[in-house]
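The same chain A turns up in both complexes below, where it pairs with chain B and then with chain C.
Up next is the complex of A and B:
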């Protein structure tokens, strides 16, 4: 038997969550969907597949004042930014949640990033399983799947009566307290099929192909525009600067990309990675080589397909994963 | 001329140019991984020529790639708008005419194309575009077509709005900006070795990504393209959050046209109004 919530009760649940929490969910704006704090349950957009931009911003803001420095009688004090409200991320997909699990490896390691940790601990993830896989998606090849609840706190799967509710973690169970669920014989539909991408021996293949001309030829058409990094649920590079304002110093951390012009530029102007091929390879090597080597084989890619769909010149990580297998011959 | 026939002509010309050694590389289009749209292709040997395609999904302006090949000989497939950016780059001394072979294609407009999605109608900018024939080329594919009169209906509509409404509109648009700077990376007119947005001393914009900072970024970038934008729309095409950047660019195109009777990229000899200074120069209508 499954536990099911009706669509009406789901709206009521969201209303009650909004009373004392910030609820972030996919909303629509000019043809794109992105995660934003919602004011009412009606703001949420339900559409097949994941949102144009994922929920990465909720835990790792695009631009974040991580602390301010203030002068006072005792000298100076550093005031870190902390969340004063619990966050619920609603309507994310299994690939988005896997993105946070991948973020956790470097961000909650030793030492942990305190700003990410603060937000992570105060966040609960209510995901919706994908019953349809739009073109470009390949999560079943990257250690997850369209119905994979592993990295969520609560998983919802749409059925005719509403949503099958699965409390995955203790945090999820707490959030569900008092929510009316009905016992039902409803069964989830089978997870959608999607084309497989060869990722089994990807680390070895990436190592083998590392110095191949393939990368510079592929990078011919790359303009190093950063879109892939900024829409990626696992890209976590950032830049930090201090701003002076209102007599205080604000330390600001913003998203940065390995594809950006200044990323590897050193004082004095030297750039150790100026070639287009090496620059572009860096991003894919981080996902498919360095990250799994560092973190017990975990790929730095969740198969969300955003970079595939949004790259203006069709640099396609699925094609790269398949191409590098053919290079070097082992 | 049918597009299939244009494709055959592009392939034949590419073969001729590569086999004779006139160019090291032909930049054209090939099929993308969705199996239905195009992506840029760099062809270095005659063996790869059959990869080249030409159809209604070849929307990309390939001229920017010439900046990566300044010292090499390159052939490039160019639609009318793309040919204007080749002129722009020659005029601004970024590339040398002799090193570029332009395979011009007559264009009746292209639909909106994103990965796996092809629009049915022509892009709005194509409906308003004046050129049907490339303004410069070494080899032309297709029969020359008459120019049409460009319209600025969308700009005039925006001009007619109240200033508070305009501000609200753009703030809403720029609040979505994630500052990936893809607009800059795809713009053939954006080639500064250090962009103002990346400059640290002075810090014009910096790394903070608030709506105000985003407004600053997008507005200054638009101004830098005044009298230089050739309306290829690569900025808008690449924007992952659908900001209607062409509206800003076209406003400037309209004003520069009205004030200086100038359109960018029509002539490789004519510099943009803001790139020249003449003592006897005055604005139209101003004594």
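Up next is the complex of A and C:
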């Protein structure tokens, strides 16, 4: 038997969550879908596949004042940022939940990043299983799957009567207290099929192909627009800069891309990684070689397909995963 | 590792002294304000720390002082970018931030009894100075010490006022060279690699520690190899863009190595083994 919530009760649940929490969910804005705090349950957009922009920002803000520096009579004091509200991320897909699990490895590893940790602990993830896999998706090849509840607190799977509800964690159970669920014979539909991408021996293949001309040929067409990093649920590289506003210094951490000019260039002029091909290789080597080597085989990719769909010159990580397997060595 | 550094929070500190070393390099002496934090801030030659010029940003610098003397944190900073330019504007008494120490360090305990050749080019002398100081303070623990320091011009030799003190130490030799001399310069005018060749350092029971511009390192290595130094005997410290020092910002990696955590000190054997070229 499954536990099912009706669509009406789901709306009521969201309403009650909104009373004392920030609820972030996919909404329609600027012609795309993206995760934003919602004011009411009707703001949520339900459409197949993941949102154009994922919920990475909830835990790792695009631009974040990590502390301010205030000048006073005693000199200088530093005021770190903390988050005071609980967040519920609603309507994310298994790939984006896996994105957070991947983020956890570097960010919560010793010493933990306190800002990420703070947000992570105050965040509950209510996901929705994918019953349809849009083109570009390949999560079943990257250690997850369209019905993978592992990295969520609550998983919802759409059926004709509403949603099958699965409380995955204690946090999820707590959030479901008092929510009316009905026993039902409903069974989830089979997870959708998607083309398989060869990732089994990817680490060895990446090592073999590392010095191949492949990377510079591939990089020739890259425009350095950085959209791949921007939409990636696992890209965590960052920049830190100071800004001054309202008489205070803001130390701001923001997203950065390994494809951006100046990513590795030193003030003195030396750039250890100046070539386009090496920059391109860095992006894929980080996800498919360095990351799994550092973190027990976990790939730095969730198969969400966003970079595949949005790259203006069709650089496709699925093709790369397949191409590098064919490169002999060098 | 200090938890405050992990929070990316600098320790509020006071600039105690500023000294001109060359036309574009200043030596900053910085004291961490909180006495307890100051006491905890123990570091080793080769480690680095981030220095904040509040309002402009923070950058990593090799610490050029030695921890055990407890006479302030020193950084030799060349004016090259926005943060260093701002630091150069500051006067004693100014508040700055310090975060660290980070990274590995020169394994001086492994060098006991060995002859040490220190080869520094330009501002590359900054992380080598604490190595020299430590060796001089424990002179009997090591064999011969040769400091070979090169710079663009005589005015660019960063620790010029310490050469006399260094060379007066027993079994210690200071050799200087410049790319271009001036009317007062009576010393060598030659590039560093040529001087390495001229002095013909002996690889027997010795270690060569190199720091300087990549091009200088590249050609100095060629000469050391000709003298039969092995890659294990040549140690350097790498410079990389970095934002956190914690292995998280993913800016400083060379292949699968993070310069901030596995480095910045590497032997040439380790560097030759990197999958990505530095």
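Keep in mind that, in the parts below, the second predicted complex is superposed on the first by the 323 of 330 C-alpha atoms of A that agree within 3 Å, B and C clash if a C-alpha of one lies under 4 Å from a C-alpha of the other, contacts with A are read in each partner's own complex, and residues count from 1 in each chain.
One rule holds in what follows: contacts are C-beta pairs under 8 Å (C-beta built on N, C-alpha and C of every residue); 3 or more make two chains touch, one makes a residue touch a chain.
These numbers come from a predicted model, not from an experiment.
Bringing the complexes onto one copy of chain A puts chain B beside chain C with no clash. Once chain A of one complex is fitted onto chain A of the other, the partner contacts of A:239 extend to both chain B and chain C. Once chain A of one complex is fitted onto chain A of the other, the partner contacts of A:313 are limited to chain B, with no touch recorded for chain C.
Once the two complexes are laid over each other on the shared chain, residue contacts for A:66 go to chain C alone; chain B is not touched. In the overlay built on the shared chain, the residue A:254 is in contact with chain B alone; chain C does not reach it.
Shared-chain residue A:226: touches chain B; no touch with chain C. Using the contact criterion defined above for the overlaid structures, shared-chain residue A:75 touches chain C, although it does not reach chain B. Superposition on the common chain A brings chain B within a closest Cα-Cα distance of 6 Å of chain C. Residues common to the contacts of chain A with chain B and with chain C across the two structures: 239, 241, 256. Within the complex, the chain A residues that touch chain C are 66-67, 69, 71, 75-78, 80, 106-107, 109, 111-115, 207, 210, 236-242, 244, 249, 251, 253, 256, 258, 263-268, 270, 272-273, 278, 282, 285-286, 289-290, 293-294.
Looking at the complex, you find that chain A touches chain B at residues 29-32, 34, 52-53, 62-63, 135-136, 217, 220-221, 223-227, 229-231, 239, 241, 243, 252, 254-257, 260-262, 276, 308-314, 316, 318-319. Listed in rising order, the residues of chain C touching chain A in the complex are 1, 3, 5-10, 12, 14, 33, 52, 54-59, 78, 80-84, 95, 97, 213-214, 239-241, 243-244, 246-251, 253-256, 275-276, 278.
Contact residues on chain B toward chain A in their complex (touch as defined above): 32-34, 37, 39-42, 60, 64-65, 68, 114-116, 172-173, 176, 178-182, 185-186, 194-195, 198, 203, 206-210, 234, 237-238, 240-243.
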